[in-house]
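First chain written, first letter: the chains are A, B and C, and each begins at residue 1.
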Amino acid sequence: MIRVAQLGLGLAMAVIIWASFLWARPAQNFVGESSRIVFYHVPMAWVASVAFLLAAWHSAVFLKKRRMESDDAAAAAARLGFVFCVLATVTGSIFARVMWNAYWNWDPRETSIALLLLVYGAYLGLRGAIEDPERRATLAAAYALVAFATVPFLMFAVPRMYASLHPDTVINARGKVEMSADIRTVFFASSFAFLALFAWLFSLDRKVSRRLREARS
Amino acid sequence: MTERPARPGVFGAAAALFRKDLLSEWRTRVSTNALLLFAFAVLVLVGYAVGPASLSPEDRPTVHSVLLWIVLFFSAMTGLARAFVKEEDAGTAAALRLAAPPPAVLLGKLLSNLALLFVVTLFVVPVFLAMMSFELKSPALFLLLLLFGNLGLASACTFTAAIVAKASAKGTMFAVLAVPLLLPPLVGAVMGTRVAATETELSAGLDFVRLLVAYDGVVTTAAFLLFDAVWRE
Amino acid sequence: MDLVAENLTRSFGRRRVVGPLSFRVAPGRVLGVAGPNGSGKTTLVRTLAGLIRPTTGGVFLEDGDGRRSPRDAADAIGWVAPDLSLYGELTARENLQFFAKLHGRPAAPAWADEAIAGVGLDPARIAATPLHALSTGQRQRIKLVYATLHHPAVLFLDEPSSNLDDAGRAVVARVVAEQRTRGVAVVASNDAGDLALADERVTL
């Protein structure tokens, strides 16, 4: 069953990559073929945010129930979130170079993702600085939750005060998805595939952490 | 068993801890000296390198706002961790853990750090304004930003200090953990200060004050909710 | 209040340091904890005092009204250990006044002086001396006052006689005798004199 799901995900990814470059047509108002990055950049940014949400959720569960499995999950979400956050930053930066001629413009969205990177880095750094597993789990969970409470202030408060260069978000201010049918199909397929990829890696990471812990005790 | 007298409430215990910290600080002056000397060094550096004349008038509000908050932020980074690091390193944390309720410990330490931060602000701001010829069009807005900015700085730093006190590489970790938490209010405070330097109307920068007040409320609440887990693991 | 341990264990990472242990100590009784260095005496005491969580099992303070975790009853606990310090930059009197205030006890200077005299120190001579300038033995005596000033229901003494002279050991014996009238005492030590104060014994 799991083998079938993995095989399916691999095939779906292959089809999506093909479709993203060869089937979907480039969107209007974008330089050249640059709009194709939406199929990769946006799902990655979504996964990075979902992972942050998951890390905070499992941190809260850990503080409530004090089961190390929750700590494994929070750490796994943060590790993967960090990777996807780096990928989203790099792809966004490449797009920025093509569209606006500079890799980094301190656009509100770029600032937000830089902050998310900092939070992930700080969280993982803190985990590295504590020897005792239980203490590490507790302090990291507390930090993740405080960061979860403060990050939105940049994500939501500061960017809205200023105009952004960033293209309309997928669901734009008018509450509609304004994409041509072919782009929309590939985009949502890709988002789903990236989330599935994340879910798979997430469960793998948790499994590895649990086995490591069992081997030690 | 004999009837035991009631322990003081959170505020009473926090006040006792605050007074103890003030007395300790008065005896040793470690934190005040570190913060003030650091602030002084940075002020000299900034004043010498970016003095009032080297900037065009339209650049001044932006650059000065950024520099002022950088001085305050890094001063906080040098001194505020000590609130908890000193208790853990000196072996007094356990004594305190048994004697005072956790919220009182956080509140007492928050008050100590706030006092320290206001001492530094009282030193840095007048010197900075005079040295840089930084003119404020709306002093009221500026004072509000300083008040609520420092409150957020103290809250986030005090909570972070409680975490790093139990980690290794405390000095480095403190900055690493505090920066992501403090970026949002600092961005707001810098932008607000720029408005205070260019607009006479208080209302022009009230959005930034609101941002800071909301941040202070959220970060302080989160700190109180999570402190017990950190302090007593 | 009884001090109860049920299947108590404590591990650090992969290493189990304490347990499993079960016992009950009634008020008026003194439990001795013996064992060579590294056998987990200090960890056991810290776990019993609620300063660290048990890995499995539990510690309870139990009386007619029910049972509480020591973590929720810090006011009922007194604790002295080698790794406990009071504030070095403050005087003995200031330290005791601070902790008395936290416990809701009268904290007048005269009370503090009396308590200092009670452990065999001359309050007039050490009145203006910050704690870090006192000898280790003098500090140990002040720590004994810190641990008992709120009349705890359970008193934990980890190596209470370390750095103490004969007069100091007599102070420890008196502190334990007083604790018998108030509740439970736990003495963890390698010192035969300390362990002689105990009625029952756990050997780790």
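Following the convention adopted for this analysis, a contact is a pair of C-beta atoms (placed from the backbone, for glycine too) under 8 Å apart; a residue touches a chain by one contact, two chains touch by 3 or more.
Given the structure is predicted, the values throughout are model-derived calculations rather than measurements.
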Chain contact graph, described as a line, ring, star, complete graph or other shape: complete
Chain separated most widely from chain C, comparing mean CA positions: A
Per-chain CA centroid nearest to the all-protein CA mean: B
Interface with more contacting C-beta pairs, comparing A-B to A-C: A-B
Between chain B and chain C, centroid-to-centroid distance (C-alpha), Å: 36
Averaged-CA centre spacing for the pair chain B and chain A, given as whole angstrom: 32
Separation of chain A from chain C, taking each centre as the mean of its C-alpha atoms, in whole Å: 50
Residue numbers of chain A (touch at least two other chains): 131, 134
Residues of chain C whose C-beta touches two or more other chains: 53
Residues of chain B touching at least two other chains: 233
Partner chain B, residues of chain C touching it in the complex: 1, 49, 51-53, 71, 74-75, 77-79, 81, 83-90, 94, 98-99, 101-105, 130, 146, 150-151, 153, 182-183
Residue numbers on chain B that touch chain A, as the complex places them: 156, 159-160, 163, 166-169, 173, 176-177, 179-181, 183-185, 187-188, 191, 207, 211, 214-215, 218-219, 221-223, 226, 229-230, 233
Interface residues, chain A side, partner chain C - complex: 131-134, 216-217
In the complex, chain B residues that touch chain C: 1-2, 4-8, 12-13, 16-17, 20, 23-24, 27-28, 90-92, 94-95, 97-101, 232-233
Touch list for chain C against partner chain A, complex: 11-14, 53
